[in-house]
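We call the chains A, B, C and D, going by the order they appear; numbering starts again at 1 in every chain.
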Amino acid sequence: MRELGIGLIGTGFMGRAHALAFNNARAVFDLPLQLKLVVLADADGERAERCAKAWGFAQAQGDWQALINDPRVDVVAITTPNHLHYPMAMAAIAAGKAVYCEKPLAVNLEQADAMRQAARAAGVITRVGYTYQHNPMIGLARQMIANGELGRIISFQGEFSEDFMADPASPWSWRCEVEHAGGALADLGSHVLSMARYLVGEVVSVCADTQTVHGQRPVVKGSETLQAIAVDDQTHALLRFANGARGTVSSSWLKHGYKNHLSVEISGTEGTLAFDQERLNELRVYRTGQKGFQRMLAGPDLPGYAAFSPAAGHQLGYNELKTLEVQELIMAMAGQGADGSDFDDAWEVERLATAIRTAAREERWVRISEVNGEAGA
Amino acid sequence: MRELGIGLIGTGFMGRAHALAFNNARAVFDLPLQLKLVVLADADGERAERCAKAWGFAQAQGDWQALINDPRVDVVAITTPNHLHYPMAMAAIAAGKAVYCEKPLAVNLEQADAMRQAARAAGVITRVGYTYQHNPMIGLARQMIANGELGRIISFQGEFSEDFMADPASPWSWRCEVEHAGGALADLGSHVLSMARYLVGEVVSVCADTQTVHGQRPVVKGSETLQAIAVDDQTHALLRFANGARGTVSSSWLKHGYKNHLSVEISGTEGTLAFDQERLNELRVYRTGQKGFQRMLAGPDLPGYAAFSPAAGHQLGYNELKTLEVQELIMAMAGQGADGSDFDDAWEVERLATAIRTAAREERWVRISEVNGEAGA
Amino acid sequence: MRELGIGLIGTGFMGRAHALAFNNARAVFDLPLQLKLVVLADADGERAERCAKAWGFAQAQGDWQALINDPRVDVVAITTPNHLHYPMAMAAIAAGKAVYCEKPLAVNLEQADAMRQAARAAGVITRVGYTYQHNPMIGLARQMIANGELGRIISFQGEFSEDFMADPASPWSWRCEVEHAGGALADLGSHVLSMARYLVGEVVSVCADTQTVHGQRPVVKGSETLQAIAVDDQTHALLRFANGARGTVSSSWLKHGYKNHLSVEISGTEGTLAFDQERLNELRVYRTGQKGFQRMLAGPDLPGYAAFSPAAGHQLGYNELKTLEVQELIMAMAGQGADGSDFDDAWEVERLATAIRTAAREERWVRISEVNGEAGA
Amino acid sequence: MRELGIGLIGTGFMGRAHALAFNNARAVFDLPLQLKLVVLADADGERAERCAKAWGFAQAQGDWQALINDPRVDVVAITTPNHLHYPMAMAAIAAGKAVYCEKPLAVNLEQADAMRQAARAAGVITRVGYTYQHNPMIGLARQMIANGELGRIISFQGEFSEDFMADPASPWSWRCEVEHAGGALADLGSHVLSMARYLVGEVVSVCADTQTVHGQRPVVKGSETLQAIAVDDQTHALLRFANGARGTVSSSWLKHGYKNHLSVEISGTEGTLAFDQERLNELRVYRTGQKGFQRMLAGPDLPGYAAFSPAAGHQLGYNELKTLEVQELIMAMAGQGADGSDFDDAWEVERLATAIRTAAREERWVRISEVNGEAGA
């Protein structure tokens, strides 16, 4: 069986999530390629060593460029802070490697465009970590929609809200910087925009409202020195889809009580479905003729679930969605097309976010096609 | 004790709801005035007779003008189709009577303005049937917000969706006519706009999107003759409030699976509350420091509930919200200020709906102050 | 139309609930008899006067025997404390009047048996206030079961728990006296036993465990003088039904967080249904082949609901269940058989409760047929 | 760092779950011992080879005795069918190895007793896969109870119901054989009995009712040849705890609509908590003074959760509970006491199940101390 060498950059939460996912994908799926965890890189070489050992990587590296250049590495997985996605992905593409990058793809649309153009030109496979879409319940939702089980789709209501910045004493971080693709829309909203495209299709125009509620935050936790904040705390938008559906999207990192409230409700001429990531193993579905919503619980009739458990109700966790994402990457590497988000998809999501920001700033409807976001534009 | 004579026009669902409410208010509350159910009018005099008997009215009438002129009548309750609200209310005001009118106040903003101006000039008490606000749980929500228990309010998300028009075979009715204040926004959305004002305060500007999904419907059930439909099936809007809060409002009568989904979620700097009319005896509340949302169940610590039951969990129904509305009307008649919606409030709601329609038609943000909607304007 | 004269004894919460129900039944239903609210009795004659006026009774009485003797009274409604049910009902039966009595029927099984024997001998119609059964959703559940939609019934799990006595400082009341049919089983559990019979059928044997957790309570609120308590705070039982189904019943008035948690879950060979009085307008149903439970919301397809609202989702409250109970009483009085609980049913419920207490006391399985509970036995 | 060699027997669903858990424990926790996945055994040696490769074991084996004898193996993990637990565990104990065995410990109480006696005598560490207890939310529940946050515990209601045998056409399997510890009580109910002990403490007496609803099943799927079935399809029991609490336990594999409905509700003099495995990341808690139940969502304030995600709401899945179980095993191996179920605990659970079966068969209350279940007794 052909080997597939993995090089992973980054050892934070997302680095570990990738490592777990590669390990588990190997154990759980009957993969067409033989995964090799070749090298793990972190600027802190000692940390890289320690993590490589714990996570099953054959080698550690302090230098990410060396990882990319390593001939045994076929896929470069990037889990570093956002501003590093661009240089690392571009280097990997230049080296002819596949790239598996965390979201957001880049810190601005021009970078993102350059990256997708480069990937296309080089013919390399790319994937971006819009992990929530790999939930088998989302796959089921997509299939139901595609099969017409809800009829013609007419509305979409999406939200991604959490409360981790609700306390005004929550300090500044890179997530509060425009230059690092910060703000609630980029950090959280992008997931629900991606979900909107994945489930309903392309958006053609938007109108929006963004707001910075807490214009200053401590520079570090507990400090009395305040830092001005320019990114959005909450964003609300109206969406029009190419297929005629209409809807709204909201995102906030100030909404008390919510921890991972990525919710979508999609309604068609023959039914409605609703999903909330806080109950990721459930899908609520109503179809014409039913007496009320059915609460469906994930089970082994869905292949993505069956991989982890033969019994309904056992439930998947977030890390297993990551494993499903990795599986799709590997299937793509084996030429067995899977449907994850590639750089083109990720660019479309960021273009949509850019359109939303423009619409909010200029207080008008913006057609997505207005935003070409090309590198150099 | 001073008597208060009630004249009720209309014997449909809403007429009966009023009749029940007057009867029950008398039984349930220790009222400062002695209610007399004087006369019930319906164009169908025989039906008026029959209903008067069943509902405890002393007399029946085929002629609503005679009811208004009856010197024993102090309050004229109007539950007729929307286009009759204007002539009836104007006649009642001219006769110096208090008016208790179902929503919407009128079929256009100019009529509504004329009505409120006339009521002001005549100094008569008015009330409009935004019944859902009289829910003790909504009263509790309002009080919590007013007390600052959620901190400064920063977001509002409201929706009123049902599915009674979801089937394209659902026929045309007066609800499908612009001239009769038809459409999902007027029929359903107005309730959530009223709730937005009641709970969060004045809206200053809106942007919106309305859509007619089913442009034709059978003229009557089962007919193959189709009637063109111009009113909205669904509307989505962005709201900016005077106090700085931002949010969205949606309404639809096409959303499968929902029967009375009037929901609001209001978030502040120190907490969030959520309500859904489909579970009208519950309020979900999260405040800083809690581990998760509390599901509060209506109980006798709320006076509006205690009137009906000494025990928590017994639950109120819709008709009891109507009784609470009637109680507030009577308290106002006794000079003991209560807080229901009067003609000024109802006009503000319709002005807001008008602004939303304008914003949608002209595809731009509209300041509410642009819409003067004055009679003759 | 023939008149039906109502005499109501008692002006507490239940007295008022009856009064509201009689008034509303008249307004809401097209009744075959003409209801007359003839006389209201209360030992406190002044209070009787005041309430009679507010509730629409033609006359007030301080003497309940006079009410019973009043030739205009056809139905005697009894809402007094439990120990008065027996003398009042026996007097009413002796006078040939129909009796509508609150639950429990009596303070012991012998009294209850004497009452049902007397009612049979006199041929009078009787009804007992097991109000929760009149919920249209319970009617729907019963119909589904009767139609075989769940297949053969194999399990029943019922509970009625509240927390109004959870605080050990909650003082003694007559509900704490065996002689007044006190305790959690009699006060709450009897409702779920009645529901078990109504939905699944006769119970043939039981085993049980009862417990007094707080053996002493203040004689009055705030007092340091404690009163010994002998009635059960919580009871758990195993049930075997005549049709082969098995199950459990629990009741407690100490269970924190619950206000009206009368819940039943019934499972058959082809499906399961679940109900909780704290969400009285909902029924959760699963049938073979479904993907998950459907949450059904009460609507006008159920006649008992349609009487109050033409629109689904408007929701009924507790007082409307009482109105439905009254309607069934009136239909029975008109010879148009309805299915409320009569004295025989109520006796069966108390016999079942007696069997449970015996089983708990003697720590053994008890066949219901062992408990004849005959007067004088 | 000292090495800890793992030998795993079995490659079914549970074998893989163990393998995943060992791999992930290594990646996720900072363990005091260095895990080595030494050898994987399966009677089908070829399958063992394939799985060993996929799951990261250094070697495969067709002979489990050889695995036990392998000097590099310190812990023998047993995931084979129930009847093999006894010989394998006894062999491992004889070899002085720690044993990590799936539940049930054995196919009868005598075997189980012999196993725990042997383990004690040999001084080896043992663990049994009552995996659901390792949920951080259950840990939180236990801690709240231990801290007295619910006051004195007075009631326990537990259930474990699924519907995988609800269809009478579901064929016979070893789970239908008494000799293989089959039946709903052993298969499902044992988990909730274990949970009862873990959260509330020892049970002192029981009364119970078991029932075989479908007395015959096809010998294999689709066959018309039927096999008589003697094990219980559903069991209901009353429990009395040593600390005075009372309650019920139910288990069924016939209850339509449920997939993994392991639920517990525990009530004390100051509060109530409720958990359902179908929403394993949630705990509902009510404490005196609250307005309603709080729905708590798992988050990184719980160490067992933080190991997998730094963010609340991400959610754990079943396989991660297994990883937590493995971590506790390893901590125990390192002499850093953790609190999983050992053979003594597992024997107590089976003793309790035996008492329940005895109580059902003999239709009487049974004291747990009556059941000595000693080997040879």
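Structure notes:
The working rule: a contact is a pair of C-beta atoms (placed from the backbone, for glycine too) under 8 Å apart; a residue touches a chain by one contact, two chains touch by 3 or more.
These are the chains along with the protein names UniProt gives them: A, B, C, D = 1-carboxy-3-chloro-3,4-dihydroxycyclo hexa-1,5-diene dehydrogenase.
Being a predicted model, the structure only gives us computed values, none of them experimental.
Hopping across touching chains, the smallest step count from chain A to chain C is 1.
Annotation: the chain C:chain D pair of sequence copies touches via predominantly the same residues, more than half of the used numbers being shared.
Simply put, of B-D and A-D, more C-beta pairs touch at A-D. Taking each chain's centre as the mean of its C-alpha atoms, the one that lies farthest from the centre of chain D is B. As a whole-number value, the distance joining the C-alpha centres of chain A and chain D reads 36 Å.
If each chain is reduced to the centroid of its CA atoms, chain C and chain D end up 42 Å from each other. Centre-to-centre spacing of chain B and chain D amounts to 55 Å, using the average Cα coordinate of each chain.
Contact with two or more other chains is made by residues 258, 290, 292-293, 297 of chain B. Considering their complex, residues 282, 285, 290-297 of chain B touch chain D.
Within the complex, the chain C residues that touch chain B are 13, 16, 19-20, 23-24, 26-28, 54-56, 162, 164, 258-261, 277-280, 297, 299, 308-320. Taken together, the chain A residues at the contact with chain B in this complex read 150, 154-155, 157, 159, 166-168, 207-209, 211, 213, 233-234, 236-238, 240, 246-248, 250, 252, 254-258, 267-272, 286-288, 290, 292-293, 363-365.
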